[in-house]
Amino acid sequence: MTGPTLSEPAAAETGTALDRYRLLIDLEDRPGIVESVAGFLGRRGGNILDLDSHSTGEPPRFYMRAEFGVAAGSLDEEEFKREFAREIAPDLGVDCWELWPVARRKRVCVLVSKHGHCLTELLTRWHQGELPCDIDLVVSNHPDMATEAERFGVEYLHVPVEKGHKPEAEAKILERIGGGRYDLHVLARYMQILSPEFLAGAGAPIINIHHSLLPAFIGANPYSRARDRGVKIIGATAHYVTEDLDAGPIIEQDIVRVTHRLGVDEMVQAGRDIERTVLSRAVRWHLEDRVAVHGNSSLVFA
Amino acid sequence: MTGPTLSEPAAAETGTALDRYRLLIDLEDRPGIVESVAGFLGRRGGNILDLDSHSTGEPPRFYMRAEFGVAAGSLDEEEFKREFAREIAPDLGVDCWELWPVARRKRVCVLVSKHGHCLTELLTRWHQGELPCDIDLVVSNHPDMATEAERFGVEYLHVPVEKGHKPEAEAKILERIGGGRYDLHVLARYMQILSPEFLAGAGAPIINIHHSLLPAFIGANPYSRARDRGVKIIGATAHYVTEDLDAGPIIEQDIVRVTHRLGVDEMVQAGRDIERTVLSRAVRWHLEDRVAVHGNSSLVFA
Amino acid sequence: MTGPTLSEPAAAETGTALDRYRLLIDLEDRPGIVESVAGFLGRRGGNILDLDSHSTGEPPRFYMRAEFGVAAGSLDEEEFKREFAREIAPDLGVDCWELWPVARRKRVCVLVSKHGHCLTELLTRWHQGELPCDIDLVVSNHPDMATEAERFGVEYLHVPVEKGHKPEAEAKILERIGGGRYDLHVLARYMQILSPEFLAGAGAPIINIHHSLLPAFIGANPYSRARDRGVKIIGATAHYVTEDLDAGPIIEQDIVRVTHRLGVDEMVQAGRDIERTVLSRAVRWHLEDRVAVHGNSSLVFA
Amino acid sequence: MTGPTLSEPAAAETGTALDRYRLLIDLEDRPGIVESVAGFLGRRGGNILDLDSHSTGEPPRFYMRAEFGVAAGSLDEEEFKREFAREIAPDLGVDCWELWPVARRKRVCVLVSKHGHCLTELLTRWHQGELPCDIDLVVSNHPDMATEAERFGVEYLHVPVEKGHKPEAEAKILERIGGGRYDLHVLARYMQILSPEFLAGAGAPIINIHHSLLPAFIGANPYSRARDRGVKIIGATAHYVTEDLDAGPIIEQDIVRVTHRLGVDEMVQAGRDIERTVLSRAVRWHLEDRVAVHGNSSLVFA
């Protein structure tokens, strides 16, 4: 099922028939990058509408996100990639780049366990046209959220994870979602640690929401631990999943103030609001190609 | 030296000659507390102007902060305390209570090492009448901030802490500030771990500012570690000092968002702003008797 | 239809069978109020669990919110009210007070026009047990949100407002929701100005969400006007509806930062998030009897 | 008097001897801008370290801020400007551009009336090396802040503004600070409306701090009006001064939450903190050439 499109405002404003693309590049920093790339685009009739770049410190690496427009129908994607690979990449040592048409919606699969607030938030935003993607599958190790997925007309795949049989469950999930069938997987409070094999087979980035302001309260029950510690601020963290638990590159974090008046249940509820906000933001940024990974951290061109 | 007074607005507004007091109580929760205390105050002509209370969960304990007014000159503090101890305390099992006249300024001593931004913030606010206290001494293990203290007309006590001679240094400081000579000590980036003996001898609460959002990044160099971890939010924590390093009851925390564009130096600078804000707020709340300690956490009636 | 109950944490924690009530009082400020009320409660076996109060300036008025517990089944509501009216009210000049059992869910009716994000937020939170109320009706001047109400099993009453026939439409709505059939009406982006007659007949408070940080951008199209003015912060305001457009007592406001990168459409989207957050918070506070109106402003005991 | 330099982190990190420059451009949007400019820089050995750009909607205009490095001593500023004017400007129709060496500190003059908190904040930050500029003069229509300026070793020019003699006062001030003697004037709570003649003669941008979240509470006494209206959020606005009072392009805004507990005096105090924060941020951004004016709004490349 495909949600409605939220047209990008700039496109609406220009009033001309433009195809818009995003070009993302990262490479070892050296002089002349911007000139080369801008020249390459210019020779194909591309006009840069938005350009953001950053040169990191040690090691020096250059990241660039350009959004450009060309006359509608004038860009042949395969040819562009071939020529970029020949003309630009070797010269600059670009080993990592991507071209993405703004109009192409990413395919997203959501995984959830029993707590549905993040799932509902994603499905609601998608349904209201606020997340430019296609969501056609929710995977869960529990049956609880089946009716919620159904409410939005999305298929629900229930794969129980029996004790001692996790590899089989993971294999079953991968069979359905792995190998590049999706552009993004979102763990919307999916409470299972994923094996290295699963990560390797997923074939797409995985975003997780952790219910604390990492690196504080890594692991289980962050809210009770936060309350025991008497913190005045709690938060949530959206990050890419890596083999190290709760340690992958952080995409977004946000917080909410808490007081002595809140019991654990109320802190959990306050935390839920932050979790769904932070996860939505991280997913949207990823969908708009705004996130670049640099070592174990991220750059967000937002 | 005594800073100018910032008159409390409510007092100014009422227009009548009132003496204002704060009464703080905490006790094992049981029925009838508010009635007893309100009755006690009422019989002495006290009118409750502001009352805040909270009943904690496990263990059940009741905390109350009342600000009340009496006709100017009508309340004899010693007599009030004697009668409260006789009439109310035993009956309710109140083992912890305090009466404080709003007009009595707390005596504060500030300790600092080399980074002066928190010290300057406190002195500036005090100088502008925003901190209702008396500050007449800055203690430091370094000479660097002497001129800063001087700019505000405050004495500077330089007590170097030589390697292996910390006990002597602590003794020398205690001689000057210990044993209840001050109502509050503030560690405004004083980078020395204090011994249990020092804490015992200080005779007053000690507030410290830690440059991270505890419990994240306990210990040294929180900002570089935050940058290495790629966090999107950094913060600062003001807490009472206990024997456990960076683990005492938290009074206040606040945060600032950071992006990939900030180098470590810039994160340090962004952090400095939060440190001084958080420390000022915690000190002000303490001065206004708004903070109650419950186990290892705090209640802030603000 | 009745949503699931979100049990109040403190009740869960105490572990004893208590009935909880909230008592709200406001009266001309005078000595002895707290004592009288606490005594009255104490004589009925009530134990104050949470008490918040405030004494305003000019004119001096005292507001108090007490949450108290009594042994389950021991309090006869009608008798309590009768006795309070006899013993306390005349003595103190209390002209405005309310007793509300925590367990009694308020009946809420939501009105909406075409923009469904606030409606969906309220229904989702209610459905997830985060809003302690009963919602059984959505009223609209447009048919657009009918399926949304249906998704949550809530009846949808479509009352078109034809040009020149507003009085008839209002009468038709009032027939169904007026005269105290509901405890609260929520305008979740209901884009019709209500007549004084409607307000009089509604028989319950009405909360509206305005999509600007009032008093900035009163009236229509606040987001475009905000963008034209080049503001760096936009916000939303939840307020009680009075006869003056956008001028009733404010309950809650919140903001989001915007930058030059956002077009009007994106500002609208950022604003939607704030609208739904602010409205939910205001409604929840109202449901928990935390809001007191003082002239044209409000006190929020939260 | 010249404050200490806060070295820019990136410069420190690269470890090579680079001169850093900022190039700011704005022009009617058209294809090829980035390519042309990047090429121009590249031919002079310039390496773009940070590039931010934005293409506005109606009318379409392109803004670019590039920070680039060249081998130390290799760039002749006058020659660069001559060549840019010849090679790039006419071709692209660039009518507005600026080259600024990162190492060149802007000269700043601060104007103040009686409220010193913003002045103190600016002087403190400048003194601590957080504002990369030179401040050698404070101008005031009152004598009150003379000792404050003195504390920081800065000259104080007292020019009383007598009723009916404002033109003379303005002329006297202009004689000292006008005609480009300064790169920036900061109104740090200077409570005089400036005449068009003064603005014309100032010869440099003027930043003002307004103590409300514009456009709410334009004009006098914003805090009491905010309290009367019962708002839950107050704020401050830093903007460039134009002939329309409180209506120039906004650079930065920020807010603080307020509650019913705050009297007007306390709201004023809470507001002071926001005023000094917002003004400092706006001044720093201006000093780092991060602000571009587009019609009556601003773009901030931060």
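Note that the chains take the letters A, B, C and D in the order they are written out, and that residue 1 is the start of every chain.
Operating definition for what follows: contacts are C-beta pairs under 8 Å (C-beta built on N, C-alpha and C of every residue); 3 or more make two chains touch, one makes a residue touch a chain.
The model shown is predicted, which means the values in this text are computed figures rather than measured ones.
K.L.:
What is the set of chains touching both chain C and chain D?
P.N.:
Chains in contact with chain C as well as chain D: A, B.
K.L.:
Taking each chain's centre as the mean of its Cα atoms, which chain lies farthest from chain C?
P.N.:
Checked the centroid distances; the maximum from chain C is D.
K.L.:
Centroid of chain A to centroid of chain C, CA atoms only: how many Å?
P.N.:
Measuring from centre to centre gives 36 Å for this pair.
K.L.:
Could you check chain D for residues that touch two or more other chains and list them?
P.N.:
9-10, 13, 50, 54, 57, 261, 263
K.L.:
Please output the residues of chain B touching chain C within their complex, sorted ascending.
P.N.:
So the residues of chain B in touch with chain C come to 9-10, 13-14, 30-35, 38-39, 41-42, 45-55, 57-58, 60.
K.L.:
Would you pull the chain A residues touching chain C in the complex into a rising list?
P.N.:
On the chain A side, the touching residues are 6-7, 9-10, 12-13, 50, 116-117, 120, 124, 128, 130, 151, 261-266, 269, 273, 277.
K.L.:
Considering only the defined contacts, which chain A positions touch chain B in the complex?
P.N.:
Going through chain A, the ones touching chain B are 54, 56-57, 213-217, 227-233, 235, 249-255, 259-261, 263, 294-300.
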